[in-house]
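Got some structures for you, see below.
Both complexes below contain chain A, partnered by chain B and then by chain C.
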Partner chain A sequence: MAALARFITKNKLSKLTVTGQILLPDSASCLSVKAFLEMCGLKYSVVLRNNAEHMSPSGKVPFIQIGPFLISEFEPIIGFVNTKGFHLSANLDDTERAEMRAYMALVDNILVNAEHYISWCDATVLQTVTKPRYGSPYPWPLNKLVPLKKWYEETSRLKALGWSQKTLSEVCEEVQTCCQALSERLDKNNFFFGNRPTELDALVFGHLFTILTTPMPVNKLAEIVKNFDNLVHFCARIEQQYFSATEAS
Partner chain B sequence: MTSNSNSADEDQMNIMMDMEGNVYLPINKTFMSKKARIEKVMVKGLNKTKDDIVLKQFPGVFTAENLYEVYRKAEEARERLLRLDIFSATNVELDTANDSSKPDSYSLIVNVKEGRTMNGGMHMNSDLNGNITPDMQIHFRNLFGRAEKTMLDYQFYSYGASTSRINLKFTKPLGGDPDVLYSLGVQQYRGTQEWAGFKQIDRGIYSGLMFPSAFGTHTLQWNGFWREANCLNHKTSFPIRESMGHSMKSSISHTLIRDRRGTSPFPKSGYRLKTTQEYAGVGGDVKFLKNELELEMNKSLPFGASLQLNIGSGVLRSLNGTAVKVSDKYFLGGPLSLRGFKINGVGPTSDGNSLGANSYWLGGLHLYTPLPFLPNLGGIGKHIKTHCFVNAGGLVNVDFNQNWEQILQKYRESPRVSYGAGLAMQISLFRLELNYCVPVKVQPGDNVNPGLQFGIGIKFP
Partner chain C sequence: MADMDLEVWKGDWDLPSVDTNCLTVLFIKVHHMLYTSIMHVCCRHDSINIQMQVGRNSRMLYTCTLYIPRGLKYVQFIDNPEAYCKFSGVSIDIKATNNPRKSPTGCLPVLRHNGSAYTKVTDIFSYLRRKNWGIDFELNSKQSADILAFTSLLETKLLPAILHLWWGNSQVFIDITRPWYGSAVGFPQSLYVPNRMHKAATDRVETECYPHLEMTPQEKENLIYKEAQECITLLSKRLGNKPFFFGKTPSSLDAIVFGYLAPMLKAPLPVNPLSKHLGTCYNLCQLCSRILSKYFPLSREELEEKRKREEAEKARAQELGDFPHRTRNIVLAVLFALSSMVAFTFFTGMLALEIVDADGGGDNMSEPKGQGKRKS
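On to the complex of A and B.
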């Protein structure tokens, strides 16, 4: 039984940039959720609003609206969808599930923070990509003031996590380690656990695919991921299997 | 001879003051016939204040031809000097000229004492919910010598309160005229709109000009504000969520106030008219045209009672097809607006949040009577009255694509009416009311508050 969900994220086309308002970390989160819903076989529609962040119950995108319910972010959405009877990892035993959670935590701690770092702490990316994009839906002077406020919030948060003090090469090392671990776990299989996709597959796909396909002036992250052939092929496979079909229909 | 002596001597001036504090110079035939001219004006006691602004308060003083006119011009000048708010004391004296060949010539001597430059204090302010918050103000007077003022106003965000504000404002009378004021300010205001489930931070700059005309006092102002609206909690309903986020309002507004009421509080005669037009769209992404009208009329009745009629209405029309954000919409309801309803609780509502509308109308008919056991005049009796009232009003989402008849039909369709009685108290800017309300006509979705309702608010007396 397919439930219809409305999937809300932000991506307003502006005259400034070609690809709109959304930033790398948010784009990755959105793709993870989309992949999860596709893997569950759930139908959804995508709505784009430039104030989606402020509409969200937790202040982060994406969030889904099912009837009167609003749920935001990857983990809570998984939890909610599970309560409706859709499970991806039901066939895993407890050990495997714990392992899966550990890898998901790895992605959250490393990849997600690296994406935020490259968007907000790298000077080139900040000035040429992040600030113009984030401020694009707003008139002057908000298009300068709003990204500035967000920059302050993001760097404070990254500082508390210990990430803003890292150098780019340190961040790259961490990403390298993370990809190494994922690549070893995936090995020559189609999916991370068994021959069916799990939440981990959705999460990894969302982040790696976005890193690989988002053009950035500083491409370090994409270069690191490209070193791992099985991860690149994994992304291509998932895209082929779950997203090309949708586009064709 | 000084202008404020009141000896019974015929040659001297008798100043009369009535109950309301207005000063009268009685027309005395002796003074009308006695020729007099002002030869010279001397101002003593100026330190920081520039000469030109003081002299500008004495227009036509040299055209006086008799003693009565001399006194009248002198008194007018003194009053204007006081309104500049530079001096803590002013005193005007007449002195005969030294030259004996001109017996009708007088010198006007103005003794002034400049007030303290810095002044400040803490007082109480009230937000829409009736929470009392402390408000600290620091005034700097006469900054550059021409009655310029700077005011810093800091209203704390105290526990339980829902608003805080910090405001820095500079005002200057133009051309030395205390009635023509130019102002420039910068402000940050934080407010919580619990009735609609969101909170908002306004940051911006404003600049305006206030001036009198035959119609009343006009204020022309430009406002440039960055508004950031965020949901209050997870219960905020979806239609409100759609209005959240950042927006920029850059608007020009014109306000006209014509106040012809008797003495406050609880005037027994006269009327007050206030009308505002606001055009938002000079920059920014919020574009609308707003029109508001408020009218208060008072009539005295026997036995110290009075009747008051209040009507108000506002219409907001969004331009460029942009949707109206909840931050700009009208809300209705509460102990000082439509009594018998929760504060801003008149619908349409969604999940308990008031959504507001692009138009409102409100009417009230009050009968004020003095308290039965307190004296009518003087003391506290002046500030507190019993009243009974009828309130009616409504929130209408006007569809500008419809014709007049359809629009008026919408107003007729959904009125809310309540009546009740209680106590009303007005102390300077604060209005306190304790009423027993009976809402008689209510629309589905309204947040009603029948029975005993207590309210505090700011109401210009």
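On to the complex of A and C.
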């Protein structure tokens, strides 16, 4: 797959303008996919679109465009790249692969939902960050209505999953147990499985790095992650290895 | 200390409970009972002093004195750890209440102790662990992390398929799920409890398949079952040839997997898209049957009852042969034939009806043809 993979996300977080549009969960999944493509050694270009969410086949960013194909979200992208002959986890045995998938489900189940919760259910973050950012590309009154619609969708999704009834401290407890489990699994190794990065490394890096580096009015999640030294070092190492070169160039 | 009360859905189809979460918690309880052992017994004329080890955790030693009424044979306590636990105040009473309305979240199981109630399986586990009840004391922290990860895998991949199978599939819902829960909760509640559970389950399933995406129900179903099959394969590979997921003794992961898979294996579902795939994962089926036979053996009365039920069903099947509703069909056919004959006679004019007054309109009656019937 030498062909260029176009990689479309929403407006990037930017220091100059306050009108960035992307939110914490989307930003994290974009970074996961980027890390995955970097680890595979694939070339891609990032395209920013205001309406990326509506262009995506599943309604979620990021999605990639390769020739005639549009594939969105982390797992389908991995599946597609695997069919083209790029495997990150080819050297794992069956048990390890099962464990890797289990840990990926753990990140999906807890970290991703916690990110959604903090963005859409926490009143401070909702009013000061989420709603202004999400409505920023639209003129008045759409900039009030569109976030409201999205808020309704998000809260009903979290409700069905049993997350919207939780308090912030319960969510923090969940994140704490999740990080504890990841930290135990990583131990003192460079990567989660063996000496080479796997899909799990890309996924964990994307989420933890975004949580650590995104300034938020309520940064309890970041404080929790910071307590786990090996996870923080893991993020710094991956960033150094895969992203420092590209940003310099 | 008051007993802990555990409220669960009742059992059926040779299972101690039909609900996934209830099964998981019941497993922990029974496992704990099996490993409770008596260390020391000292008998006096009116009481017994007992020292016992509760659970597999050797740190917990209870000493209790039973004052027994005269004439009661203390021997009957010796083989019954449950009785000891009860007297030491750490027993769990299981109540098949089938009444989710009393639960704080509207779901079962509920564990009540000293005025507080716990409904989530993870909460119940951690509460029991604080009381030194539990199962995972022998695992290291890495294995506990693995359990958490696999539990997430089950929750995100297998749970939607199971909910879809029991509540989303209209044939199963109408034939099995709704009648079962309806009869379990009793009359006035049967009107709304199954519907409420149905809505919660379908909402949960919907979150898995992008609500704003235009997919046909068939495509959604395929997506959900495909993920569930992958999940079952991963579990089967992780289990390998070992008797339990972490070696020779069961862990809470075994309890959870058992809770998910046992109802699917045991219930008489009219359609089951996962059963074929589950059949190929032989080790998982064996795990479930091993747990069932070791931890939840059927009592003699239950076995007797099951044998009788099977015989009755067999006899009925033989009697009816290939036509299960033979009598009903005959009655319906006769009724249909009769009504069509009557209608035919009406419309061709062979039969006419007239209202006859009681005070002697007898001569008004007309019979156009000799063979017509008369009605009044």
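Just so we're on the same page, the second predicted complex is superposed on the first by the 239 of 249 C-alpha atoms of A that agree within 3 Å, B and C clash if a C-alpha of one lies under 4 Å from a C-alpha of the other, contacts with A are read in each partner's own complex, and residues count from 1 in each chain.
The rule we apply is simple: contacts are C-beta pairs under 8 Å (C-beta built on N, C-alpha and C of every residue); 3 or more make two chains touch, one makes a residue touch a chain.
Note that the coordinates shown come from a computational prediction; the quantities given were computed from them, not determined experimentally.
Student: Once the two structures are overlaid on chain A, check if chain B and chain C clash or fit side by side.
Tutor: Chain B and chain C fit side by side in the superposed model.
Student: Contact-wise, after the overlay, does A:65 reach chain B, chain C, both or neither (first, second, both, neither)?
Tutor: first
Student: Just checking: does A:110 make contact with chain B only, chain C only, both, or neither of them? Give me first, second, both or neither.
Tutor: In the superposition, A:110 touches chain C alone.
Student: Using centres of C-alpha atoms, tell me the angle at chain A that chain B and chain C span after the overlay, to the nearest 10°.
Tutor: Here the answer is 90 degrees.
Student: On the A-aligned overlay, A:217 touches which partner chain: chain B = first, chain C = second, or both, or neither?
Tutor: neither
Student: One more residue to check, A:145. First (chain B), second (chain C), both or neither?
Tutor: first
Student: Which of the two partners, first being chain B and second being chain C, lies in contact with A:177: first, second, both, or neither?
Tutor: A:177 contacts chain C only, not chain B.
Student: Compare chain B and chain C by how many residues of chain A each one touches, and report the one with more.
Tutor: C
Student: Should A:57 be classified as contacting the first partner (chain B), the second (chain C), both, or neither?
Tutor: In the superposition, A:57 touches chain B and chain C alike.
Student: Quick one: classify A:94 as touching chain B (first), chain C (second), both or neither.
Tutor: In the superposition, A:94 contacts chain C only.
Student: Between chain B and chain C, what is the tightest CA to CA spacing in Å in the combined model?
Tutor: Taking the overlay as described at the top, chain B lies 6 Å from chain C at its nearest C-alpha.
Student: I'd like to check the shared interface: which positions of chain A are touched by both chain B and chain C across the two complexes?
Tutor: 57
Student: In the complex formed with chain C, which residues of chain A make contact?
Tutor: Result: residues 57-60, 94-95, 97-99, 101-103, 105-106, 108-110, 153, 156-157, 159-161, 165, 177-178, 180-182, 184-185, 187 of chain A touch chain C.
Student: Provide the residue numbers of chain B that touch chain A in the complex, in ascending order.
Tutor: On the chain B side, the touching residues are 226, 229-231, 234, 238, 241-242, 244-248, 283-285.
Student: Using the touch definition from the top, list the residues of chain A that touch chain B in their complex.
Tutor: 49-51, 53-55, 57, 65, 70, 138-142, 145-146
Student: Would you mind writing out the residues of chain C in touch with chain A in their complex?
Tutor: 105, 141-142, 144-146, 148-150, 152-153, 155-157, 200, 203-204, 206-207, 210-213, 230, 234-235, 237-238, 240
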